[in-house]
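Got a structure here, written out as structure tokens. Questions coming.
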Amino acid sequence: MTPVLEVDRLSIAAGGRRVVDGLSFRIAPGEALALVGESGSGKSATARAVIGLLPPGLAPDGGTIRFGGAPLEAGSATLRKLRGPGIGMVFQEPMTSLNPAHRIGAQMEEGLALHTRLNRAERREACIAMLERVGITDASRRLEAYPHEFSGGMRQRIMLASVMLLKPRLLIADEPTTALDSLTQAEVMDLMSGLAREQGTALLLITHDLGLVARYADRALVMQHGRAVEEGPAAPLLDNPREAYTRALVDALPRRGPAREVPPAPPLIEARNLSVTYPKRGALFRRAEMFQAVDGVSLSIHPGEVVALVGGSGSGKTTLGRAMLRLVPVSGGQLLFQGADVTARTGPALLDFRLACQIVFQDPYSSLDPRMRVRDIVAEPLRLPGGMALDERHRRAEALLEEVGLGGLGARFPHALSGGQRQRVAIARALVRDPALVVADEAVSALDATVRKQVLGLLREQQRRRGFACLFVTHDLGVVEEIADRIVVMQHGRIVEEGPRDVVLDAPRHDYTRALLAAALRRPGAAA
Amino acid sequence: MRLRASFLALAASLGFGLAAPAAAQDTLRIRLNADIRSTDPGVNRDANTDGLVWHVLEGLVALRGDATVAPMLAERVDISDDGLTYTFPLRPGVRFHNGQPLTSADVAFAMERYRKRETNWRCRGDLDGSVTRITAVETPDPQTVVMRLERPSALFLTTLARTDCGQTGIFHRDSLNADGSWRAPVGTGPFRLGEWRRGQFIELERFAEYAALPGEPDGLAGNKTPHVDRVRFTVIPDDAAARAALLAGNIDILPDARTRDLRDLRARPGMTVHSSPSFDLQIILMQTTDPLLSDVRMRRAIALALDVPELVRALTEGGSRPSRAPIPVGSGFHTPAMSEVPARDLAAARRLAQEAGYRGQPIRIVTTRRYEAFYEIAVLAQDMLREAGINLELEVLEWATQLQRYTRGEYQMMAFGFSARLDPSLSFEMFTGPKATQPRKAWDNPQVQAMLEDSMRETDRARRIALFESMFRQLLEDVPVVALYSSTNNAVTPAHVQGFRSWAVDAPRAWGVRLARR
Amino acid sequence: MLAYVLKRLLVALPTLVLVAASVFFLMRLIPGDPATVILGDAATPEAVADLRLAYGLDRPVLVQFALWIERALAGDLGRSITSGEAVGPLILQRFQVTAAIVFASVGIAVLLAVPLGMLAAWKQNSWGDVAAVASATFLLSIPSFWLGLIFLLVFGLWLGWVPVVGYVTFAEDFWGALHYIALPVATLALIETGVLIRMARASTVEVLRLDYIAHARAKGVPEWRVLARHAFPNAFAPTLTLIGLIMGSLLGGIAVIETVFTLPGLGRLLVEAIFARDYPVIQGVMLFIAVIYVVVNLIVDLLYPVFDPRVTAG
Amino acid sequence: MRLRPNLLIGGTLLGFVFVVAATALVWTPYDPVRTNLRRRLVPPSQDYWLGTDEFGRDVASRLMEGAVTSLTVAASTVCVALVLGMAIGLAGGFLRGWTDRILGAVNDTLLAFPGILLALGLLAVLGPSRWGIVLALGLAYAPSVARVVRGTVLSIREREFVEASRALGNSELYTLLRHVLPHTAAPVTVLATSLFGWVILSESALSFLGLGVPPPAATWGNMLASARPFMQDAPILSIAPGVMIATCLLGVNLLGDALRDLLDPRDGA
């Protein structure tokens, strides 16, 4: 039978450079193919080329794309008619892929109105049905809502719904869940493959995450630098990869390290039923009502211990992390550092605490001042208090950069570095004063698998060497396996489970923990 | 040809704009450079206001073209030998716009209002002391008005006739609201007030029962028969726009064309330029209390360094006659003796400046751009004085600011202009007086002051002239001011406007004008 | 909603008071006073004193201010010193002229600029785009009054298509009015078009980069509809703010244009009042302008959510 | 992309104006304020390239002189506006709260205040000088600077590296100056260029209304104003300064666009 999609020696050029180079693959009806690769592998470009939506600056450069046997030229009327009923597409960024100006009902209907003969009422019916199918309660009312009234996960469901409404024969999903936390990710992916199976829709899944492949794809095509590296049925390809690059990817999947004993000691930092409340955005005059982000949490971290703070988005984990550094105002409870109460510290006293506790942020793009050179960024903490001369600071900075594998890059600006390198800079900045505690806030979530592996490695190695305590905030239990000594699970601003890593991972007591565990994308065959 | 065509198109398009398109043909449209202040004669007024009011209101007496006084509503004026009693027999058959006949009671009523303090009549002061004082206004019979004065005055009738006094126009009671405030003029003039749309236009309608005098129009006196049904004064503040409007046919009379436009306008087919010397005075004031300028030699030096004829020629393109006398050349009192214009003498100027201890320090001359002439005078003076090594610095102020400096006498030198003064005494009085009480006065010289007051009392023409001539000679000695010239009014009309004449006062007169537009 | 509007006006109150006060005292700092201006070269001290008395200018400044505020709050802005007209009606009457021109020109500008700008952005870097941007940049580099003068010369004098002076309100005579405001409107419209094209283009470029546009296309939405329905509202929101700013400043008086075309508008009223030191008029107009400024901003904020639901007014 | 032509053309145009001004500092064909009654309104010739004005002053020389005045006025005004605006904007954006509201009110007051009245007032108080204009327009334009700065500060202060700076124990002031201030540079530079253009426009508009830099000093604005009566007889008088203004503005605007493209943060990331 004719494949739904047949890509033959496709090439895409950006300026002079080829981002996709002679790529060929085909997808049978109802089949799920995963295009796997890290950023810059050209997988997204391929996807967009198929539906003829290459972003400005990219242009097809030879090769053919056939849909159901018929050739597709970009910009042709036939292609436009196929978009929707023939080929549907789900985008990565749920925050920007729905039009903020229109009610979701209108946006969902639009496709139906264009491609079907259904009348208003019928269209509305269909939308409601589909929304309910993707698990959005009270659908008929929600049709009237605007995108910004939904969470990221919800938007991605709506997105999926509006695409699947048209029963496309091919669904292209471009990193559909990268922006979501693991729990939501699993839910959305399950929905997607479920719907695809029901409607006999073929799936072209673009992802950097082998975990997804293992679970949701029949076949996988590994890409690097715009070329196909290896192609084959998903499971075998992951179990015994032939190509080195594939192997690297597989190895990059989190692996549990040996458990280690942390020498008993009085807690380095201790939160006693700590609470943080935010005012919900209120108008000029109205008294704004409060929102409990962290609700009376008690948590203590011992010197040299790595504690993983795990939870879905909105669980309050990030706020707690910030609160333990006094970066957000604490509204209740106590914070003790080395036995001393720092809850209300200000001025120089607070400064000592600040200098002893550092943080590494999630997004390496926004956490480094784009107008400072890497060297200065790393040296900046040494400025305080008074102390060191400039060249001395720079020497120290350079040394540390060397240590984190950025030797000689000190003179660069952040935007001249890759994401991984930036995160290394962020880590160096945090370590340059040999802090007693480092809070790593989703420090690796934004990184590609292999890079994440390396950065985690760096973090672990530095931790072992310098022996600072570390609070590792993440939504991904998989990551935790690598480095955590102890795991703390948070939900709705409360701690629901807490214990040594292996205990929590192997014998979770709380349902939420189990859910997280189930959603976690872990090396196939690793402890379930 | 093109112009003609476009003119028709425009007449049409303007026709749309008119309240009554049918009347467009018989409407005489005159440019007004700014809206009038009010219709209240001599109270809240400016030149434009006066110029509008005199179409509607008439006084007992009126000015002739040469600024002498002629009877208007009065049949004649009988003056007692002691010069203290003036008797005005009223002209019979004169009616107000509301149809009421004119009676002495109306005159008395009007005079009473003018003399009340709260009326704020501009000339109250003059007839309540400074010129003379009216002690009584009597109405022996409906056709006779008698006014009694405290002391004889040569200026009394002129004052009554002065345009800025609203010609002491006689109005009917109906002109006032119940509370005695001014509503709208109900007068005896050749036109009655029509619609006044602020900032846009004022319309006058012909007064059919107007009782015209026989003979020719003469100034504001003589035969003032209206020939057009309607007069519309269109407010066009901008000179360039006004000129454009004339060429485009949107107005029929441009009463105040700028000298610099004349050459071009004369050249255009059908356009007629009507020129006549005005009674105003362009002048340079010097502050005699200024440490430097208090030295008469310095002031003489400056006067000598100025090439007045050249300057006037440059400013008016030969339109006006240079004159160092404050009495306008158009006046009957401007004698040959006053025509003397001392020649320029740079050497003498330098020497005098030297003696006065002038060492090239800058002298600031205040001027404004509001009235181009003032500015140009300053610029040219600066230019000429430079050649005598005298360093003039322009201080260009916004008009209201300059006026304040003027009234407070806060200046070294000032390029200035005086509005029309119709009596020769006033032509001196406007800048002569004690600085102590009137800081605006430039010339503070007791003996001249005495002469001035004589000239105001003196009724004999010959003796007055003698006084004026000696004051003029003294003026050339003291040079507190350098009188330059009286500007020339240049009105421009297209071919279809007939019977229009410009005159000493720059505001136009709509009576006697015909429209031959077909 | 109503509550919100009231709230906003309440918040604006200090601004208005500040404006009123600063104008009032600034004017009295400026040398020259109405009396001298009215009396001109023949101003005798007595006459000046009389006039000042008549206009209550002899009172202490603070007293004058108190009185003025008191009356203003009662809705009475006093009477013009030069013309004796009531200031309130005078302002409204002059404002009609300005408003007619501003609304017409901005309206035209928007209708021209927004589609052009969006098309330019759609065909980014095409020749059409370059041409549009170039001409827009050129337009906003021309002084409005200069353009006005040249229009006056060409269309008024040489071609004689339109009258060069005067004004009638639309109420009186629609076509006549059109004749008179044609040139000023054209002048302003052209220049504002320049500004708006650039704005519309810029914001459209921003929007077209976003996923939801791709999403719409991926649904097979035709291009015109992508622009009209998906790009427009999002691209228009920022433009709307700019339009608000423009409106605010223009309604506050287009003195220069009004001078060039000798239109009895608000701007000229202010300028003339300033020259004549007509305190009541200046104060009235300034207060009015401030109010306009506040109201326009308010309207923009109320309209904004229509185009960008994420922002809620209230 | 259109970046290079912008830079090129804009640079050339503005460069030309600056060269003209620079030359005027050392040499002009004639004394720009020297009048000559025998040579009024002379049409362009080889001894008077652009003819003479109504006082017989050489138009070319005045144009050059005007370049100096207009540019200096514009430059100094922009400086005033920037200093004021930056101060207000930074304070408002960073301190927030009541400071922000009060500054906001002041800002609105200034925005609601026509430059012409300010100009008149300050001119009257400072006496007729170009500094009155500079101060007036500076005040008039400060709010727009403040707006931009405040906006940027508000968005920047939410970025993680600002929080990072706090986490490092840096003081608020240091954070403001070291991490926030630099980011206002780009938008402010862009704004400054357009300001430059606006100021030149406003100055000429004010001069046109008779409130500008007082004559006889030549600015393009008051040249245009005084040329107005001669539009028909000596159009060159109105065209020349008009063209100069347009040239200057076009240069400024193009340059502004070029800068905008250059300093676009997106290119940074």
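A, B, C and D label the chains in the order they appear, each numbered from 1.
Definition applied: a contact is a pair of C-beta atoms (placed from the backbone, for glycine too) under 8 Å apart; a residue touches a chain by one contact, two chains touch by 3 or more.
Predicted model only: the values in this text are computed from it and were never measured.
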Chain whose Cα mean lies nearest the overall Cα mean: C
Pair joined by the larger number of C-beta contacts - C-D, B-C: B-C
Length of the line joining the C-alpha centres of subunit C and subunit D, rounded to whole Å: 21
Centroid distance [mean C-alpha coordinates] between subunit B and subunit A, Å: 87
Mean-CA-position distance for subunit C and subunit B (Å): 39
Subunit A and subunit C, separation of their C-alpha mean positions in angstrom: 49
Where subunit D touches two or more other chains, by residue: 120, 124, 228, 231-232
Subunit B residues counted as touching two or more neighbouring chains: 370, 398, 401
Set of subunit A residues in contact with two or more other chains: none
Pairs of chains in contact (touch as defined earlier), listed by label: A-C, A-D, B-C, B-D, C-D
List of subunit C residues in touch with subunit D within their complex: 12, 14-15, 18-19, 22-23, 26-27, 29-32, 125, 130, 133, 137-138, 140-146, 149-150, 153, 157, 248, 252-253, 255-256, 259, 270-271, 274, 282, 286, 289-290, 293-294
Residue ranges of subunit D in contact with subunit C within the complex: 1-2, 105-106, 108-109, 111-114, 116-117, 120-121, 124-125, 197, 201, 204-205, 208-209, 224, 228, 231-232, 235, 238, 242, 245-246, 249-250, 252-254, 257
Subunit B to subunit C touching residues, read off their complex: 2-3, 5-7, 9-10, 13-14, 16-17, 19, 35, 37-38, 44, 46, 117-118, 120, 122, 125, 164, 198-201, 234-238, 241-242, 244-245, 247-248, 250, 370, 398-401, 403-407, 416-419, 430, 437-438, 440
Touching residues (chain side subunit A, partner subunit C) in the complex: 48, 51, 53, 55-56, 80-85, 87-89, 91-93, 96-102, 110-111, 114-115, 146, 148, 159, 162-163, 166, 283-285
Interfacial residue positions of subunit C with respect to subunit B in the complex: 30-33, 36-48, 50-51, 54, 82-85, 90, 93-94, 152, 156-157, 159-168, 172-173, 175-176, 179-180, 259-262, 264, 269, 275-277
